[in-house]
Amino acid sequence: SSSSKILIKGGTVVNAHQQEIADVYIEDGIIVAVKPSIKVSDDVTVLDATGKFVMPGGIDPHTHLGMEFMGTQSVDDFFSGQAAALAGGTTMHIDFVIPVNGSLSAGLEAYKDKAKKSCMDYGFHMAITKWDEIVSREMEIMVKEQGINSFKFFMAYKGALMINDELLLEGLKKCKSLGALAMVHAENGDAVFEGQKKMIELGITGPEGHALSRPPVLEGEATARAIRLAGFVNTPLYVVHVMSTDAMEEIARARKSGQRVIGEPVVSGLVLDDSGIWDPDFTTAAKYVMSPPIRASGHDKALQAALSTGILQLVGTDHCVFNSTQKAFGIDDFRKIPNGVNGIEERMHLVWDTMVESGQISVTDYVRLTSTECARIFNIYPRKGAILAGSDADIIIFNPSSSFEITTRSHHSRSDTNVFEGKRGKGKVEVTIAGGRVLWNNGELNVVPGSGKFIKMPPYSYLFGGIDKADAKYLSSLQAPVKRSKAAT
Amino acid sequence: SSSSKILIKGGTVVNAHQQEIADVYIEDGIIVAVKPSIKVSDDVTVLDATGKFVMPGGIDPHTHLGMEFMGTQSVDDFFSGQAAALAGGTTMHIDFVIPVNGSLSAGLEAYKDKAKKSCMDYGFHMAITKWDEIVSREMEIMVKEQGINSFKFFMAYKGALMINDELLLEGLKKCKSLGALAMVHAENGDAVFEGQKKMIELGITGPEGHALSRPPVLEGEATARAIRLAGFVNTPLYVVHVMSTDAMEEIARARKSGQRVIGEPVVSGLVLDDSGIWDPDFTTAAKYVMSPPIRASGHDKALQAALSTGILQLVGTDHCVFNSTQKAFGIDDFRKIPNGVNGIEERMHLVWDTMVESGQISVTDYVRLTSTECARIFNIYPRKGAILAGSDADIIIFNPSSSFEITTRSHHSRSDTNVFEGKRGKGKVEVTIAGGRVLWNNGELNVVPGSGKFIKMPPYSYLFGGIDKADAKYLSSLQAPVKRSKAAT
Amino acid sequence: SSSSKILIKGGTVVNAHQQEIADVYIEDGIIVAVKPSIKVSDDVTVLDATGKFVMPGGIDPHTHLGMEFMGTQSVDDFFSGQAAALAGGTTMHIDFVIPVNGSLSAGLEAYKDKAKKSCMDYGFHMAITKWDEIVSREMEIMVKEQGINSFKFFMAYKGALMINDELLLEGLKKCKSLGALAMVHAENGDAVFEGQKKMIELGITGPEGHALSRPPVLEGEATARAIRLAGFVNTPLYVVHVMSTDAMEEIARARKSGQRVIGEPVVSGLVLDDSGIWDPDFTTAAKYVMSPPIRASGHDKALQAALSTGILQLVGTDHCVFNSTQKAFGIDDFRKIPNGVNGIEERMHLVWDTMVESGQISVTDYVRLTSTECARIFNIYPRKGAILAGSDADIIIFNPSSSFEITTRSHHSRSDTNVFEGKRGKGKVEVTIAGGRVLWNNGELNVVPGSGKFIKMPPYSYLFGGIDKADAKYLSSLQAPVKRSKAAT
Amino acid sequence: SSSSKILIKGGTVVNAHQQEIADVYIEDGIIVAVKPSIKVSDDVTVLDATGKFVMPGGIDPHTHLGMEFMGTQSVDDFFSGQAAALAGGTTMHIDFVIPVNGSLSAGLEAYKDKAKKSCMDYGFHMAITKWDEIVSREMEIMVKEQGINSFKFFMAYKGALMINDELLLEGLKKCKSLGALAMVHAENGDAVFEGQKKMIELGITGPEGHALSRPPVLEGEATARAIRLAGFVNTPLYVVHVMSTDAMEEIARARKSGQRVIGEPVVSGLVLDDSGIWDPDFTTAAKYVMSPPIRASGHDKALQAALSTGILQLVGTDHCVFNSTQKAFGIDDFRKIPNGVNGIEERMHLVWDTMVESGQISVTDYVRLTSTECARIFNIYPRKGAILAGSDADIIIFNPSSSFEITTRSHHSRSDTNVFEGKRGKGKVEVTIAGGRVLWNNGELNVVPGSGKFIKMPPYSYLFGGIDKADAKYLSSLQAPVKRSKAAT
């Protein structure tokens, strides 16, 4: 059924840099031509895209499929999560490898295993949770041999994943030396721990205690700290899940001063507010528990605004879902509710509705922040993130006149809840092509475990361009060391 | 000599969205193909670009060629100014039509005349200096019939070009209704006038009085005001010649909140500081007189930083040169020194050296802010600002290993001074192709008056995308009018 | 009844700089002694203040009693408004003289007349609504002969009171030369006018149109402009009725940079939000109409916070009340609703409840921002604003354990509505002594028309201290004029 | 000579809240009366202050006398440092007790010993350098029994005094529970450590390496962090030695939002820039080494501006002096140069010259920020910091027409260098009275070891006013815990 030759006819082809009416011709998983009026032979599958947008498939920079966390495992694995992604127009994601007892290579092996059932392309970030010479050497191997070009540091989750400033500094330096991108989960973990204790003492044990224990100021603090330490080391920084105005303001401030900081809002933070976590039904309230928390109304609008003008650059999901029974581990103590929400299937639709339909961004912007910028940051552009001759054939056909509705009943995740339950909007992903095959068409998924490929991501993305020159210029500007005759004093 | 068929071989072709090693084939002024290893017949002129960058020719968004101003005329006309531009790698510019006694059509006629001798492509902005029904109707004609899509409002030059807030509001509304971009020269003209009087009273009549009479706070004020009024009307705004941290900060603030504001630093503001205007030699000091003034050291670095991260978007020149004899009109009173500096020839080299060589931006960024973004803003992309099949053949070959030096002796402007005198740096525009012809090659200019074309610029650039949707959403959010029974009170 | 000798025994005497348990002894309208255990003879009226605060009477810096405005007159005149003030613990106010056809002296005569019925002390600010040599000379007379040391400029009310930047600059310079304080009503009047037209065009003719037509951004704009122009002239500035975060942020920014800017929130802006103006009952909605408008929830809290740390300095009321029949002039067009709300009676109680009871400020702070700082700014401290030997005997006895409730039924204003209707809180002004006489005691008012005095306010308050030195230092720092040999060019 | 009865005649008596021409009468170390024309008997020493200012003696909130640090001891002990202080118009200081092996009580004993030779009054802050139950209990004893109401946390000096966020949070909570003020030395110690290593690796071993290794961004970071953690706990915070715009901006931001943060610039940071540390003479360069470092030009002016408008509140010195031979410990490695500069003698003169003579503040402001505000913050006002009946007789007579010059030759410190060498300015402390005795008069010091008293400082200063109410209000606002029926999920 899924021919190796496809022609998408008559659509408006949208790249981040340009949109034009053109046909797209695909062979063997690669885009061969993008131009008007392509003639093809009869063995080619032809998809009519007239009146529709033909766009690069979404790339989700932030997922946790099959992740072991808080004593359980997220229910969407590399197959179900990716199937959901494809049904929602996303054709690649980047997941976070968690080290095993601090060992990066053991972690990588475990994730390679998890990923064997993949039905779409994926890449890996790697978390760093402790520091020693072995970790330092393993980072080098990951970058030079294993196709990983980004490392994440958790400034929260005290007693588990959290690292301190000393380790963060070591990590930033190592990342810089390798041309790898440092990422941070930015919350002050010591203060969160304190906040949690306080809530429990106050008898606030329900999900709202989660939000109250880690207010925006703690996200703003850690974001400011990570940015300044990265600036001190002079290496680029990627702040994952920017959930609050507090964090966004710090990113804006740094960028204004020329610092290379990337801010990733996630779709839950962009379109939801914290009202859900106050729901009197525990199951409902618990499904909204993620970290940093979904914030009070107002933060969402501010994040959208910053995203519209490039203060923030791309949208992720932090897709990490747990079923109601898992969430119920924390029925008596919010600290035991596994953290995480869905989004991998909903992101493309919700970003369209929230940002394009509201008039905040253009269609080319949409492509940039759902796909292209992610590919550029993780250095796989224009193989990914573009509809250009030579690019991978990861493409969606999007009908702006159609509409979508999100419900647990119809979603493709294994989760038994959905934080976006009931959301409707304009626009619909009608076709998803990944690796040159039509995997989603008119509500039909056609996915095969094992068909997805690991995408190696090389170091030294554009974010590293000129860093060496800037360093050299800084050093030569120092007027130091001062020549001194060390006379007796 | 300049064949209609050209092949540029082996260079690194740089667009704002991507760079790749490829050949570029040109026929009859249009780029026909961009791909590796193009084979051509013998009648094609072949230029070897191995080891060099092949980039879109620069577009200068801000020039004043042959402008009547302060009782005299700027010495570079459409021929000499464009010749200088081409020698410096710029292949298009946008000049400001000044109305004649407030008449836009009369102004346009005059500028069409001035532009007859053009040797490269050009477009027009239009200044608005008074307001009545005729002006309002003429704006419509300019947009719909004359290919002008931007209007500039001077918040300074009291008694001459300056408009007040009432006119600015009318202008912003009209611009919005036409899909035309409003531009502002942002200084508080009343306060500048006051500042000038004060300096004269203090006996400070020399060029330094110019800088002292219009400090950064007055630029910051007007920038903030224009931004807020544009926000109030909800129409995009373009701030010309952002010269100070004060103005830049306002732009950053607006963008963070999602407002569509474009900030244009000019090359003199990016690379110079105010020390020159204190020179004890009048001729030297006077050549630096422009408005807003070149600021104290520190503003330049801050503008560079903001430019590097997209807080500011493109670089202009405000090229408007006067000879020493003209500048000497103000020997006894700085208020009579014609305002203006050069830059049209130097911009491409100085931006490279200051931004790329220093490690602040990448080569693709360089293309974006010297060419592509200008083409996008003024809605002529990808005809201009790109090296894509179908684009105009406006191309430079840039040698990053070579070097440049700026001197009055060798520049191509008619000016007898140069504010960048003595500046040296890395990189050199070796070849400039405009309209498909090699006009600059190895230090030889080959330009023909009358060969440049007027480029019509259509309204509703990307900056207007979604404005109508956002307006509609705002109106529907108002919960007004409130239904009231007008009972007796 | 109101003896000329009073002893207040056993209370906690609070000054802005200190609180202590002490007795206060008064003779002939003047405080004679403040110390523990004062012994007095039998002819002295003794008031027991044990367990209560003895504080300087409130000074309201911003009222409009008997003001002609928008074709009618505010209903509280100098008698009824002052009676209400006294019942609420305020013992002095400063009202704004409005020129008659631009004539300051004619305006002053009119206000002297209005003030004849005064029952408590008062001072005058003077509005400036046009500019010529006569106005300039009259300002001098007002300051040197008439005891007026502050002039207000309206940046809004286009076609009526509004002045432009040119006049504002002249006014600022004149104020500086006289040691008089410049005050601004800061909204962009041109944009407000535009906003009003737009609302009417949209069919939004009700009171909510008032709020929608003049959003916070227009207050922020004008505040920023006034601050920068005052900074340019280097003279202190007083921003009346700071109603929005936008304006407050500008004041904060200026103060951080060392500029002398005073911000006056008013009690309606501190404790109300804009919900009232959406009320479906016109009379209710219309009573909230004032300019700048009462803002959306959030602005109030931000203003309180800024007030608590001294970013804002004192609290006024803008008391200017119109009856429902007057408000009904605008039943079909919000532009005709007379602008103004009450507050002169409620200010002391509401500031206590909102700021002290909530834990945001101390009792000494309370005295500072309701009384002392006003006296200092208008240069009548320590005659007013203090309980010190030698100060005027304007004193309240405040019971923090009691409580208050605000209703139209019981208020002393002539207004038939009250924007604070139904507000309750802790604390009660039990006794008000003004001019050494007990005018309010246990719910009984005892006021006599004509007993209030005009308080002359001398120029050169503390805000002017060092301005001359700073100016001299600035000038000597200029390194200008540059010595130049005017050689041939 | 130093009679127990003194009359200061005819001066302008300045308190923070008021200045007036009055006489001051002193008996037995206490001010008995402040009023015009006091008549006294013949046994009273009369000092004529006509034409001069009579002000509260300075209080230095930040000194390190006889401190063991970096393997040596600061050379000014409680006698020589206090003698210098008195010669410069300072009559009280607060020193930092350093625990002995973490023991607060052992530290206190040691400092009581050091202080036995005191010749003027003093108080103690206490540093906290580790955390356990004993420390926690000792803090309580210090506050309740020993008269200490402030605790300092070092966020720098890794491996020595530095604490981490977990300890800081514990400390903040404990401080809050005791009504004690938390103070921070705010620099990111991990990053400083990293910066130091880097400088050494670069071969920058001289004093300039000290400044380069700990740039302003690290001070800004730690200041932001401490402020946010204090805000999270909701307890007041005092930031010692604010040396940079970066730190000041954070304080300004917090205060704008209503947070109670005190910022203490020190005189070296206010009046010097970093040029000295680049001096080619090691001894000269090394004398400027303190932490945080003295910053580049521009920071000084910004700190002055913020001080002038109350964004910063009082001025300290961090007086901690080492001789050239001690500074030379670091001749080959800046990390071994003992950190510290002088200032206890110079502060009053330099603040006058920099702030009052320049026109930035008034004389009452001067009293506030050199004396009164310190007394208020540390809860000893009006015993200290005021010239009121009942206050301690700590008074200076200051001649604004005289002048001063600072040189090592004439200073009273034991240090063989002075960072203010050669500074001259207007104004002179002619007489210093402390404890009711004339200790400095016309260049003559008359001091007696052992005559100084320890001043107990009680907890719950004004900074704690309302904290409990605000906490209660916050808790009641939470709408938590949510009532939930824990139904099956």
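Letters A, B, C and D mark the chains as written, and numbering starts fresh at 1 in each.
Operating definition for what follows: a contact is a pair of C-beta atoms (placed from the backbone, for glycine too) under 8 Å apart; a residue touches a chain by one contact, two chains touch by 3 or more.
Just so you know, these numbers come straight off a predicted model, no measurement behind them.
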| item | value |
| --- | --- |
| Classification of the chain A:chain B interface as same or different, half of numbers criterion | same |
| More contacts between chains, A-D or C-D | A-D |
| Inter-centroid spacing, chain D versus chain A (mean Cα positions, whole Å) | 48 |
| Centroid spacing, where centroids are CA-atom means, of chain C and chain D in whole angstrom | 37 |
| Interface hub residues of chain C, defined as touching at least two other chains | none |
| Chain contact graph, described as a line, ring, star, complete graph or other shape | ring |
| Residue ranges of chain D in contact with chain C within the complex | 15-18, 248-249, 252, 255-260, 302, 304-306, 308-311, 356-364, 381-382, 386, 388, 462, 465-473 |
| Residue ranges of chain A in contact with chain D within the complex | 164-166, 169, 173, 188, 190-191, 193-195, 202-209, 212, 215, 217-218, 220-221, 224-225, 228-229, 231-233, 278-283, 285, 324-325, 327-328, 331, 475, 478-487, 489 |
